[in-house]
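In what follows, chain A forms one complex with chain B and a second complex with chain C.
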Partner chain A sequence: MSEVISARALRELIGGWLKAGIRVAGPRRVATDQVAYAWLDRPEDCLLGGYIHPHNSIKEFFFPRHESLYEYRIEGKKIALKNPEPLADERIVIGARPCDAAAMPILDHVFNWDFKDPFYNRRREQTTVVTLACREHDHECFCTSVGLGPDAERGSDVMLYELDGDMYEVRCVTDKGGNLMAGRTETSQLTGSVPPGPAKKFDLAYLRETIGSKFESPVWTEATLRCMACGACAYTCPTCHCFDIVDEGNARGGIRAKNWDACQFPMFTLHASGHNPRNTQPQRQRQRVMHKFSIYPDKFGDVLCTGCGNCTRHCSVHLGVQTVLEAAEKSWRNATV
Partner chain B sequence: MCACEARDNTDSLADGTISRRENIYQPSLMEVLQVRRQSADVKSVRLRFSDEAEGKAFSFKVGQFGIFSLFGYGESVFNICSSSNWKDYIEFCFRKTGRVTNALWNIEEGDTLGFRGPYGNYYPMDAWRGKNLIFIGGGIAMPPIRCAIWYALEQRQDYGDITIVYGARTVGDLVYADELDEWATRERVRVVRCVDPGGETPDWKGEIGFVPTVTEKAGIAASNAVALVIGPPIMIKYTLPVLAKMGLADQDIYTSLENRMKCGVGKCGRCNSGPVYVCKEGPVFTLEQIRLLPEDF
Partner chain C sequence: MLNDLRQTARQLLADKKVDVVIGYGQADPAGPAYPVFITRPEDTEQLVFNDRCYNNLTTFLTRKEIRAMGRAAVLVKGCDAKSVVVLAVESQIDRQSVVVIGMACNGVGQPSLAKCRTCDVHMPRHTDMVIGQAADHAIEAKDRYAELAEMMSKSASERLAYWGQELSRCVKCYACRQVCPMCYCERCVADKNQPQVIKTSATTMGNLAWQINRAFHLASRCVGCDECTRACPAGINLRLLNLMLAQATEEQFDYRPGMDKDAQPVLGCFSVKDKECFIK
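Let's look at the complex of A and B:
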């Protein structure tokens, strides 16, 4: 026995949420060949299948690419600070891929160890994540290599499985998800399933064990020299969370803003003295991969990667976490004779 | 007037507004009490909390840092270079280098700055009790040592001999020069000043040479001592073997790493050196700890 909803009822539900003033985001065609997670204006804009992975991730609905931390006003020698606008709106993200939903509990660690980031936390509380299990994958997908899969439930409040005949099986994962879908589904004999995900691209256990001692490995240079430092990997990544804090305004006032940043940019770690601890692109690539597979898991338990493949998919030289790790595993295994 | 004047302390407001206390990125407002020019391109600034109650509640430990900001220009990270015993104000020191510090150069008494902190760990002044203290600094690294020097001088009976080796490129680049003179008059304090060859003036009475060689020649007794060494990476690199030769163990040599930071609270992702977030697990490390880190600072 299962709970199901028809595509039509699901669209009506989305329409109802929008009408009730709830902000709803989902995969939307933004160009002929491009799908992005974006705020929805109409229920029919939401794609409920037919895409592999949007070009962005759902992190921006929790950790926006640009966000005001507070406002400042300058009046002579006096300064007045004002909190940002209230974050009270209820939000729903629908059609998330499992690899995007899984990023949220992973990001919870960094935004809450010791100091708690109220902006991120408020949005996490306000947002319900409805995930669509994957029936297809492309060459870049590697969720199975990091312990996830095409129907991994981590980070989701509700899971949707595409069924034949424009139906979806609905599995509520959390109470929040249960409340959202209560009374909206009907009982059925149909159950959804997904084909196996992509074949494993690297051995996570081996890499986790090995990577910590490979800081000086030549593989970082060999595998990443072609990187052009555009930062697309970090911007499209569901788990990359580095940010900058800058003032935007004029002599009378403005905002202090938190903007996305990327460890691939040369200025990211540049000291005022001119010294730069990560002065070359391979050093910066090593930082990105080691942050995800050594530093972060050593601290918080989770690898900082969900295998979405966006880093490679959107890289103009086809260089991403999985291509680097594949090269690293090959090189390190061959070296240990 | 803006809402901030109310200084609410509730954790969460009913309308979803993030309260001031909850907003970890929002600074306290500080009034500039004094600006002193320390060298051609270095100034020190003395600040007092605009809110008296906030000032009374504030405390820090020497070695910790703050994030100081000039509204309209941005934030910069500096060590709090005053002693933690000084309750009426805090101080920081900056060199005119980038966007924020060039703008800070023009601030004057009565201006308002932002301050977040204190952040990071601190010098283990308690563990250093009963020890001889060796302070070695280069250039703009005097301020983060100065706070520890004053702290030790204020608890003079707790510490043994104090040796201060301080070098800069030229005589004019020595910051807190007046305080160096004052420290030299104190009992059981030895001050060794040096400038790079060519940086001396005709009336220069100090040493001429680089910090590592001057330290080596100074004949400092290393028994029962700890050393705090802060300066440019090249100075630290060549001073460490000198200290080892003198007989100091790695766990008795301390430094403060100064990686670029934005948030100061372990989130923005750039100050890490290998597995260590300098803003949270540092900035103060022993040489023993640093030897475990990859070459990433």
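Let's look at the complex of A and C:
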């Protein structure tokens, strides 16, 4: 026995949410050959298939690329601070990929570790994540190499599985998801399944065990010398979470803003003295991969990567976690025999 | 062609004429090619050249990590060859100490990228050698700027709405800047933070400011390799801006960056023939 919903009813449901003032985000065609997760204006804006992975990730609905932490106004000797209104509206992300949804519990660790980030947490509370299991993958997908897969439920409140005849099986994973879908589905005999995901690209257990002792390995330079030093990987990554805090304004007032930042920029670690502890691009790439597969896991237990493939997919020199780890595994295994 | 390329690279390294050959490698024939840095004659077998060789490798000529490797030979397609000319004119490279290997090119991408459909430099120019043969034919200016003409047929408010919409997706990843051979500044104005000249916020206004700044800095210098367009993860058609700059430079100054190695660069010279009609 299962619960199902027709594609038409699902769209009507999205329409109903929008009418009720709920903000709904989902995969949307934003240019001729570009699909992005974006706010939807109408239910028909939502794509539920026909693409592998949107060019961004759902993190921006929880940790936006730019947000104001507070406003300040300077009048004479007085400085007035104003906090932003707390987020009141309810939100739904629909059509998330499993590799995007899985990033949310990973990000929860970071935003609730020494400091509980009220902005992030508020958005997490207000948002329900409805995930669409994957039927296709491309060369860049490697969810299966990091313990996830095309039907991984981690981080999702509801899972949708495509069925024949424009139907979806609905599996509610959390109470939040159950509440969202209550009374919206029909009982059926059909159950959804997905074809196997991408073949494994590297041996995670081996790499986790080995990477900590490979800080000086020549593979970092060999595999990453071509890095262009942009932020395309970090900014399309569902799990990268670095930010910078800057004041924007003039002598009369302005805002204190939290903006995305990326470890591949030379400026990221540049000291005021002019010294840069990560002075070359391979050192910065090593940091990105080590953070994901050594530093973060040592602290929180999980790897900081869901295998979505966006870093390689959007890299102008075809470089990402996958290409670096493949090269690393090959080089380290050869070195030990 | 591939044999010629590998042989040439092997010889350059074996004769110690260069320390590194900047070329293309490709792990998976179904995937894109990417830059490789070959330092040993025996590794030249890794070199490939095909229609997946997108990158403009001349960007690496000014990178400190690559400079540290010594004298370089670099592979260029016709469009990339133009950036070598501009880099030399702007004194960023010593042209005599770089070996420029031109690759005859029939276009990259399947289907070909927009730039390739109106390319008039299939045979690279001003290189030290050209490997392979490709047919070149002149393309009329109006065809080179056809996409721009379509854009410019819209009203100013429609165009502003278009750019507002497109740039609302910009995340300020600076991939457009990082891949650009002409963006070699050690510290970009966008990274100047005492004071912050251009906001780091990726808001639509901040993004417009960023792209307008980039356009100003690339006017009469952009060679139209369109790597910025290809690198943009948000799929913003930066090519339209590049075409705009190129058309203005060609119409106003009869100059196409990188086409003629002896032409005076527009921003670096004064000519009594310069039009001054923009001064009102």
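Convention: the second predicted complex is superposed on the first by the 337 of 337 C-alpha atoms of A that agree within 3 Å, B and C clash if a C-alpha of one lies under 4 Å from a C-alpha of the other, contacts with A are read in each partner's own complex, and residues count from 1 in each chain.
Rule of thumb we're sticking to: a residue touches a chain if its C-beta (ideal position, glycine included) is under 8 Å from a C-beta of that chain, and two chains touch if they have at least 3 such contacts.
Here the structure is a predicted model, which means the values were calculated and not measured.
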item: Partner chain(s) touched by A:His314 [first = chain B, second = chain C, both, neither]; value: second
item: Chain B versus chain C as contact partner of A:Asn250, first or second or both or neither; value: first
item: Touching partner for A:Asp114 - first (chain B), second (chain C), both, neither; value: first
item: Touching partner for A:Thr236 - first (chain B), second (chain C), both, neither; value: second
item: Partner chain in contact with A:Pro282 - chain B first, chain C second, else both or neither; value: second
item: Which superposed partner A:Trp332 touches (first chain B, second chain C, both, neither); value: neither
item: Chain B versus chain C as contact partner of A:Phe300, first or second or both or neither; value: neither
item: Superposed model, chain A: greater residue contact from chain B or chain C; value: B
item: Common interface positions of chain A, toward chain B and toward chain C; value: 244, 246
item: Residues of chain A touching chain C in the complex; value: 30-31, 33-34, 36, 55-56, 65-66, 139, 225-226, 228-232, 234-236, 244, 246, 248, 257, 259-260, 262, 265, 267, 280-282, 314, 316-319, 323
item: Partner chain B, residues of chain A touching it in the complex; value: 69-74, 77-89, 110-111, 113-119, 122, 215-216, 241-247, 249-251, 254, 256, 258, 261, 263, 268-273, 275, 277-278, 283, 287, 290-291, 294-295, 298-299
item: Interface residues, chain B side, partner chain A - complex; value: 1-5, 13, 15-20, 22-27, 29, 69, 71-75, 95, 97-98, 101, 110-112, 114, 232-233, 258-260, 262-263, 265-270, 272-275, 280, 294-297
item: Chain A partner contacts - residues on chain C that touch it in the complex; value: 27-28, 30-37, 54-55, 59, 63-66, 166, 169, 171-175, 177-179, 191, 196, 199-203, 206, 227, 230-231, 233-237
